[in-house]
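As written, the chain order gives the labels A, B, C and D, with residue 1 at the start of each chain.
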Amino acid sequence: MDYVYGPGKNHLFVPGPVNIPEPVLRAMNRNNEDYRSPAIPAMTKTLLEDVKKIFKTTTGTPFLIPTTGTGAWESALTNTLSPGDRTVTFLIGQFSLLWIDQQQRLNFNVDVVESEWGQGANLDILAEKLAADHSHTIKAICIVHNETATGITNNLATVRKLLDHYRHPALLLVDGVSSICALDFRMDEWGVDVALTGSQKALSLPTGLGIVCASPKALEASKSAKSVRVFFDWNDYLKFYKLGTFWPYTPSIQLLYGLRAALDLIFEEGLDSVIARHNRMGKATRLAVEAWGLKNCTQKEEWYSDTVTAVLVPPYIDSAEIVKRAWKRYNMSLGLGLNKVAGKVFRIGHLGNLNELQLLGCLAGVEMILKDVGYPVKLGSGVAAACAYLQNNIPMIPSRI
Amino acid sequence: MDYVYGPGKNHLFVPGPVNIPEPVLRAMNRNNEDYRSPAIPAMTKTLLEDVKKIFKTTTGTPFLIPTTGTGAWESALTNTLSPGDRTVTFLIGQFSLLWIDQQQRLNFNVDVVESEWGQGANLDILAEKLAADHSHTIKAICIVHNETATGITNNLATVRKLLDHYRHPALLLVDGVSSICALDFRMDEWGVDVALTGSQKALSLPTGLGIVCASPKALEASKSAKSVRVFFDWNDYLKFYKLGTFWPYTPSIQLLYGLRAALDLIFEEGLDSVIARHNRMGKATRLAVEAWGLKNCTQKEEWYSDTVTAVLVPPYIDSAEIVKRAWKRYNMSLGLGLNKVAGKVFRIGHLGNLNELQLLGCLAGVEMILKDVGYPVKLGSGVAAACAYLQNNIPMIPSRI
Amino acid sequence: MDYVYGPGKNHLFVPGPVNIPEPVLRAMNRNNEDYRSPAIPAMTKTLLEDVKKIFKTTTGTPFLIPTTGTGAWESALTNTLSPGDRTVTFLIGQFSLLWIDQQQRLNFNVDVVESEWGQGANLDILAEKLAADHSHTIKAICIVHNETATGITNNLATVRKLLDHYRHPALLLVDGVSSICALDFRMDEWGVDVALTGSQKALSLPTGLGIVCASPKALEASKSAKSVRVFFDWNDYLKFYKLGTFWPYTPSIQLLYGLRAALDLIFEEGLDSVIARHNRMGKATRLAVEAWGLKNCTQKEEWYSDTVTAVLVPPYIDSAEIVKRAWKRYNMSLGLGLNKVAGKVFRIGHLGNLNELQLLGCLAGVEMILKDVGYPVKLGSGVAAACAYLQNNIPMIPSRI
Amino acid sequence: MDYVYGPGKNHLFVPGPVNIPEPVLRAMNRNNEDYRSPAIPAMTKTLLEDVKKIFKTTTGTPFLIPTTGTGAWESALTNTLSPGDRTVTFLIGQFSLLWIDQQQRLNFNVDVVESEWGQGANLDILAEKLAADHSHTIKAICIVHNETATGITNNLATVRKLLDHYRHPALLLVDGVSSICALDFRMDEWGVDVALTGSQKALSLPTGLGIVCASPKALEASKSAKSVRVFFDWNDYLKFYKLGTFWPYTPSIQLLYGLRAALDLIFEEGLDSVIARHNRMGKATRLAVEAWGLKNCTQKEEWYSDTVTAVLVPPYIDSAEIVKRAWKRYNMSLGLGLNKVAGKVFRIGHLGNLNELQLLGCLAGVEMILKDVGYPVKLGSGVAAACAYLQNNIPMIPSRI
């Protein structure tokens, strides 16, 4: 059975892994299959075609790699860059920090642009660096679209504008782990060269697929990139794409069927409706935080994230205690504060296959926990604020009218 | 996939069928098996032993019949009574009405004691009838422990006291469909002769098992009962119990494994903790209803049900519209008002495998729906009232400390 | 986990419950739902329409009753007959015996036509009885299409011819439990008035649905039938059919989705292909039995069953030992000999979602078991005989070409 | 549903991915969970302890990496070696070839010892190389325990003996992808420094876990190994092992529960019984091949593999046609011949959660297919040979006696 049981449904509000829809669980509840039979390549073909839609690309080439987000990062970097290459990258929280650490260990020349945690990527400094880089030493801009640790969404359109303004040929590599399929993301329009996500995030699958999409320019770069790679090498995939067998090594049959089901659900709801739903979730959460008299870790509205909200607690409270009590008393999972914001923030993940009443149950729970740990919240206040907004904004479910 | 899809988790708050715990879903996710192999009888033996615990009986004999609650009723009646036998039974809502209809169609002489819908069984009249029945023409008292249509819990201890007081030998047949495993129920202590429930109620399984438990007196009565029966005949079961093969016809393998898992979860949480949890759910719901300024269909506190709350709406609102909008806009299922209370009440089922945050999400949803249909509710008010109570009463989850 | 584990797949070759296809298991792997929401009636409507196809009827009315085959029998009898009514029925094995027992206990006047076990229904005697029955005292002919205990398929077309020849108005009630969806069955063409099956047989679902189909004549009979019934009463169903809500009491949500998936698979393969596949399975099994030098319990080819083969063992072998060793040593489930043929036959069920290689594995296993118990079988002989036939008769899988 | 449906159970006899036991499927049929809650680390701790048993090591350190066998290879190499390091490795089939390719691309100095495909690793040449390597330029011996393409099992005990004999300090890196948990494997006794397998092989799980086990000597080597690595870096795991949170990035919750269930099943059966069962499967298959008059691709008995048999077909037959027909006509999946043996061999994988009757069904199927493609096989001959052996060697299932 469960390793640790609690009555009722677990309330999963970490920013990943997220809740899997029942139809997806069903699709994955199956025996293994021979991945060299005609069935799996036929299905894979539809997946590669359809997964491009969630990146909003028609020219990109997707790779479904049996790995995690960390592996997807590595795939993006090693296929496009050579050791010693200069990257400009932004340190704004724990996950951008980990990506930077990876870039350094992979022997790139990492030019870090740091912001205070709670602020977005400093694009003014990017502009300066681009302006100064006449010899085009910058080979890639590496940026997280959404920093999961602090609930920050960076403005990718502006990054593209800057690159265009300075006519800079640097590749644009985007970590979309906690954004793609939840936030507005436009690979082609924004000229993103490599975008990536993980299956356990907004796609609402189990962990296990690193989904990477490469622009034609990125594919071109991969031909000369000298970083050592085998498992993550796009060329091995491309070879099998040409053969029509698609897989250089064994994929997870279950995740392929799961991805098929997940995409079907997303298209049935409509990708734009999915994004709008995430926007409602984000707004409702922020309104609740405000009603509780607490601060959002994200310092400006322009960076507000619709997939995760990091909530600052007063200094006399240890935010880890909130997460602990959520689990021990309410069968709810919240996100811890990480690294610089450990103890200072707790995080509500509101991405993936969720609806409003699930979120409201979470918010009601947070209110009780805040009381538990000594914060003088007015019970019901956050829920009331969220409901007042949601009341006017939840659409009917199209298939049910 | 689903027949009609909506994003996120369906919020199932009808008073049955109820939410199935994931470990139970897992246990049932299996191929058929030969029910004549040694494995199924060995498992069945443990089920028959353990299921007695949820009836709080040591002397009863349980039957796991592949049927619904309606079939379980029929089993209780036809195995203990003969055509023409007089029953005293109570009409207090739609489900007691249906049971009475069944009794009449099975040719019993049904002596109906009617109450206004919203009131419990009139035990004063029972007392009168028992007092007057010197020749013991009353063969059985038939009573629903919990009337699911109006959210009424009858006082079975008092019924037993009256029977004892008048030294009346009538059998006591109890419909525990929406009570057993959720409300305090004591088969042996209360001298219940036949108690029954359905798998899809507080046991939190799919529909398909009518679980009937017979006292020694009921078994004795079955020897002379002249009602025609084959499928529901206890004797066929008893014959196979003696053989150790247990099944007169094919059981559902999946439901047997599911029942095994359901009982394991109930015993892990503790039956008394399960009942206490239902009590918390009931109180929290009633506090919310009160905060909304609405009336409980149940007229007196002594009858309040901890498994379902029927909420009266103002005359200018059609309660069916509330149920419809819950489903169409919020992916939530509430119970309709039935028969005499159609359009007047909607019902919140809070039984089975549920926890507090799930209920709070439901209550928040109801608040928005009430606004949708024009009732001037203060958003957050019900949730606040429920939280204020729950805050002080939810225990830690034992396995998590 | 499993109650008793063995390595590898369990080889389930009892004549029910049978192997469930993985897509059906997936479809049933789901939480409960409100059966009064718009979704379940909408799905039910398609089920009632489509289930008629497996009966080959356009004029029949189907009922999906939460019960077993035994309950389906009771439904067929009590809705069409009155106590004291004369039925002519055939005793040819354990399941026809049980049906006769039920008819007697339901107080019908049962006119039993007995055959030696191993022979089909004696239709000559039926002819005599019909010829003699000028006053039409016979109200119903009750016949099993396929006797599961002895592997006998009766000729229903001849029964109809006799009824027509003598212009006899008796109802024709058919137990199709181990035939419908596997053998050629033609409700309308053969003028069957009530046909029934159970979900755990050729439909390859879990136990729990008694599927009963009534002709217009049977429905007409139900209006005047005086047998006492409530749970099994068709009228309650018909009332809810008219309302469009379909269910007089709670159905199993999981079985409804399972039935939807099962029907979809049957129609995808094609009902005629399904029947042809069962014919191949039956022939292959009989060829193996012959090659082993053993006798089929079924005495004439005209009665050979394509869903189950009862194999006679030499007198010095106890057939129960074969079944026991199959389970203990080979993780295989075979059918026991029942009642008169206990110890004398073992049964190979070859119905439901099976393919040829599964059957060949079973046959190879039986060969080893026969050796185990001292029968001088030539190993490989049965498999060789079956393969020689199958080799020329298995079609390509249409979706795979 | 399935992407391509066929009636009955798919017969999966490729040498991976293999059949998943139903209890494992059930264990994985679950929603995501927070991997930072106390539950997942507590479970992970048991996994890391128990997984060592399948390597037969007490001193090794296991890593459960979200990757495939290819990634596990990369992890083994990059954590222990530096670019330019000399490895001695054996080319005996497609998978050893791919590993060599990886070693070359990772910039090691690969000293390849080639054998004819169908022969095992040439250990005489290894002896020569070790004898000649006074200055210990050989940093690692890389060897596949079982070459999946040709069905060859190499003798690791001899490799260890040679290393000891020459007192050579080279690391011994072993690909146990198609051996561990199926063949006799003794990490500690044989002084293996890194052993690895994939979840979709003998562990009978979905693809997605690369399971790598490092000896203390390998861990020591990892401290100075200069190969670039991040995703595959053992140090990141070790850091989190010390913290007790275990995961440097998100694991698959489902695979962890699946691994727990898989290990439980293996220990219930007994690892030695599992290995003995694979030995029975291998022998039975080889006896069938012999009976058919066909040749095993493996040229000497000392190399026979108990997990996969590569069968040579006569020159006038294209082995790919056999695989194609198995799938199109019999719903069976066999392994293709790869690279040098493409068209010349087909492969029967007989590893993982299988039992004897499943294999016999497969063998019967192969016989029919051989006839289909024009090979004059005597139908039943292979099954008879296999049964004659199995008959005397299958033990009773312990839990069933």
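The rule we apply is simple: contacts are C-beta pairs under 8 Å (C-beta built on N, C-alpha and C of every residue); 3 or more make two chains touch, one makes a residue touch a chain.
Only a predicted model underlies this, so the values are computations on that prediction, with no experimental measurement involved.
The chains in contact with chain A as well as with chain C are B, D. Rounded to a multiple of 5, the Cα-based rotation taking chain A onto chain B is 180 degrees.
Remark: among chain pairs B-D and B-C, B-C carries the greater number of C-beta contacts. Chain A and chain B have CA centres that are 44 Å apart. Centre-to-centre spacing of chain B and chain C amounts to 34 Å, using the average Cα coordinate of each chain. Here the spacing of chain B and chain D, counted between their Cα centres, is 53 Å. Among all residues of chain B, those that touch two or more other chains are 2, 4, 19, 22, 25-26, 29-31, 38, 327, 400. Per the touch definition, chain D reaches chain A in the complex via residues 2-4, 10, 12, 14, 16-20, 25, 28-40, 42-43, 66-71, 74, 83, 101-102, 105-107, 198, 200, 206-208, 227-233, 248-255, 257, 260, 327, 333, 336. The touching residues of chain C, counted against chain D in their complex, run 1-2, 4-9, 11, 19, 21-23, 26, 29, 261, 264-265, 268-269, 274, 277, 327-332, 353-362, 364-365, 367-368, 371-372, 378-381, 383-388, 390-391, 394-397, 399-401. On chain B, the positions that touch chain D within their shared complex are 22, 25-27, 29-31, 38, 400.
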